[in-house]
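Here subunit A shows up in two complexes: once beside subunit B, once beside subunit C.
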Partner chain A sequence: MLQILKRELPSGYVRFAIRFSAALLVLLVIYKTYLWFTEQKEDLDWITYQVSFLSHKFAVALGIADCEFSCFMDGCRIGVEGKMINVLEGCNGIKLAFVYIAYLVGVNENTRSTIIQSIVGLMLIQLFNVFRIGMLVMLMYHGGEVYFFFIKYIFGVFIYGSIIVLWLIKPLIDKSLQRYVQT
Partner chain B sequence: MYRRRFWLSTLVMLNLYVLLSFMITAKNGFEVNSIHSHWLTVAFVKMFFTYLYFRLTRRTFFQFCVAAAMGTAVRLGMGGSFLAVIFACQFYLEFYDNPVKG
Partner chain C sequence: MKYLLVTLSLLISVGAVAQQKKDKPVMDNWFAKKPTAPPPASPPPPPNVPLDGGLIGLIAAGGAVGYKKYKDRKKED
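Here is the complex of A and B:
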């Protein structure tokens, strides 16, 4: 059985799987611990609050002048009266960002590059998420018929697509960073 | 040719997966609890999609098993994204593990 496994699984893939899983586990455990502490304090977590706050600012910038913003222990509500959307902890996109970072750790070729790309990627994914929630507020405000299609389909593809693009440009960023370090 | 097959499969997988999520919510509404009634069926469908995705991109059964086990552990254990884990494995296999030009 072990020999079949050795033959079938390239060692690089096993190494990637272990590194990826370990990195993701560490990140998720830290995040869950942080969530537990905020729950104990009966507070909303900082990431969900910031994503909601920036989404509200973005929605106002898009032209929804009377856009309201209120936060509770379980999440925030953004929009105009009667057409509010709920931004809960699961909507903050941090778990997807963790998968992105775990992938970088899994294929790790250069530690410095991995750290830089993790920070930049995390911020970019959150920016994509802010754009997504801001657009959802906008869609809810202007009718709301296509809102359901957008929240479950278009933006689902959009957020996964953004991570795929970041993974794709990783070799290019690695090369640029290497050139930068050499010069 | 191989690369084209990979991209096409990834595009189909992404759309199928998100479409499934869309259909479930369209049927049940936004209440999460109502999905739990047939979560096992949905899990099997997702696993089947993943298997097809690995077959289409010419991966081995063991590679599929490792990816599926990782995805399931992340989803059930920590509430993370199953699809993102599957994509991570596929992207590693495509671009870092004996990459093919095409």
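Here is the complex of A and C:
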């Protein structure tokens, strides 16, 4: 079976797949352990809190002056009374960043480039998530069917599509980074 | 005197039987206030805004992009 796989798959792919899976597993185990500890302390995890807090600030900046913000053990509620949204652990976008980083580790052609791209990617995904939740609070406030359309299609397609495009253009980013480091 | 004692003991026993039992619901009592309408339903919880719904799809996409990358490299070689 392994021989057939080795023959059929391009060289280096098995190595990539193992590194990709291992990196993802390690990141998820660390994250789950952290979540377990915060649960034991009967506290909300720091990432969800920060994402919710910044989203609230962004929603206020968008013009929702009476936007409320309250946190519980399982997540935070943001919005105007009666038109709130619930930001839970699964909404913080960190798992998407883990998959993005795991791919970079799997390919790993240049350690420095991988580290830079991981940090920048993580920050970009989190910034987009803050923008997404802030916009959803605003759409919920103004009501209408647009909210459901955005949450179901627009934001999902955009973030998942962006991650795949970043993976595809990784060789170009590597080249640009190398040029930048050399100069 | 005998009749008076019998009447008194009957009245006391009827009163004692008519008392509300601890383990019986209040509804059995004639004087208990019966509920007229069900309590108002609590408002629905606010909607969640999950982002990791397509995580498995993204992992599969990562595998596919990696496959394409190594296949293209094989062609170049």
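Here, the second predicted complex is superposed on the first by the 177 of 183 C-alpha atoms of A that agree within 3 Å, B and C clash if a C-alpha of one lies under 4 Å from a C-alpha of the other, contacts with A are read in each partner's own complex, and residues count from 1 in each chain.
As a convention for this text, contacts are C-beta pairs under 8 Å (C-beta built on N, C-alpha and C of every residue); 3 or more make two chains touch, one makes a residue touch a chain.
Note that the coordinates shown come from a computational prediction; the quantities given were computed from them, not determined experimentally.
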item: Joint occupancy of subunit A by subunit B and subunit C, clash or fit; value: clash
item: First (subunit B), second (subunit C), both or neither touched by A:Gly12; value: both
item: Partner chain(s) touched by A:Cys67 [first = subunit B, second = subunit C, both, neither]; value: neither
item: Which superposed partner A:Val99 touches (first subunit B, second subunit C, both, neither); value: both
item: Contacts of A:Phe149 with subunit B and subunit C, given as first, second, both or neither; value: first
item: Subunit B versus subunit C as contact partner of A:Arg77, first or second or both or neither; value: second
item: First (subunit B), second (subunit C), both or neither touched by A:Trp167; value: both
item: Partner chain in contact with A:Phe20 - subunit B first, subunit C second, else both or neither; value: both
item: Subunit B versus subunit C as contact partner of A:Leu28, first or second or both or neither; value: first
item: Contacts of A:Leu139 with subunit B and subunit C, given as first, second, both or neither; value: neither
item: Listed stretches 27-35, 45-53 or 81-89 of subunit B, narrowed to the one that overlaps subunit C; value: 81-89
item: Intersection of subunit A interface sets (partners subunit B, subunit C); value: 9-10, 12-13, 16-17, 20, 24, 90, 95-96, 99, 102-103, 106-107, 156, 160, 163-164, 167
item: Subunit C residues within the subunit A interface of the complex; value: 43, 45-55, 57-59, 61-63, 65-67, 69-71, 73-74
item: Complex interface listing, subunit A residues touching subunit B; value: 4-5, 8-10, 12-14, 16-17, 20-21, 24-25, 28, 32, 90, 95-96, 98-100, 102-103, 106-107, 148-149, 152-153, 156-157, 160-161, 163-164, 167, 171
item: Subunit A-touching residues of subunit B, taken from the complex the two chains share; value: 10, 14-15, 18-19, 21-22, 25-26, 60-63, 66-67, 70, 73-74, 78-81, 83-85, 87-89, 91-93, 95-98
item: For the subunit A and subunit C complex, residues of the former touching the latter; value: 9-13, 16-17, 20, 24, 75, 77, 79, 82, 84-88, 90-93, 95-96, 99, 102-103, 106-107, 129, 132-133, 136, 151, 155-156, 159-160, 163-164, 167-168
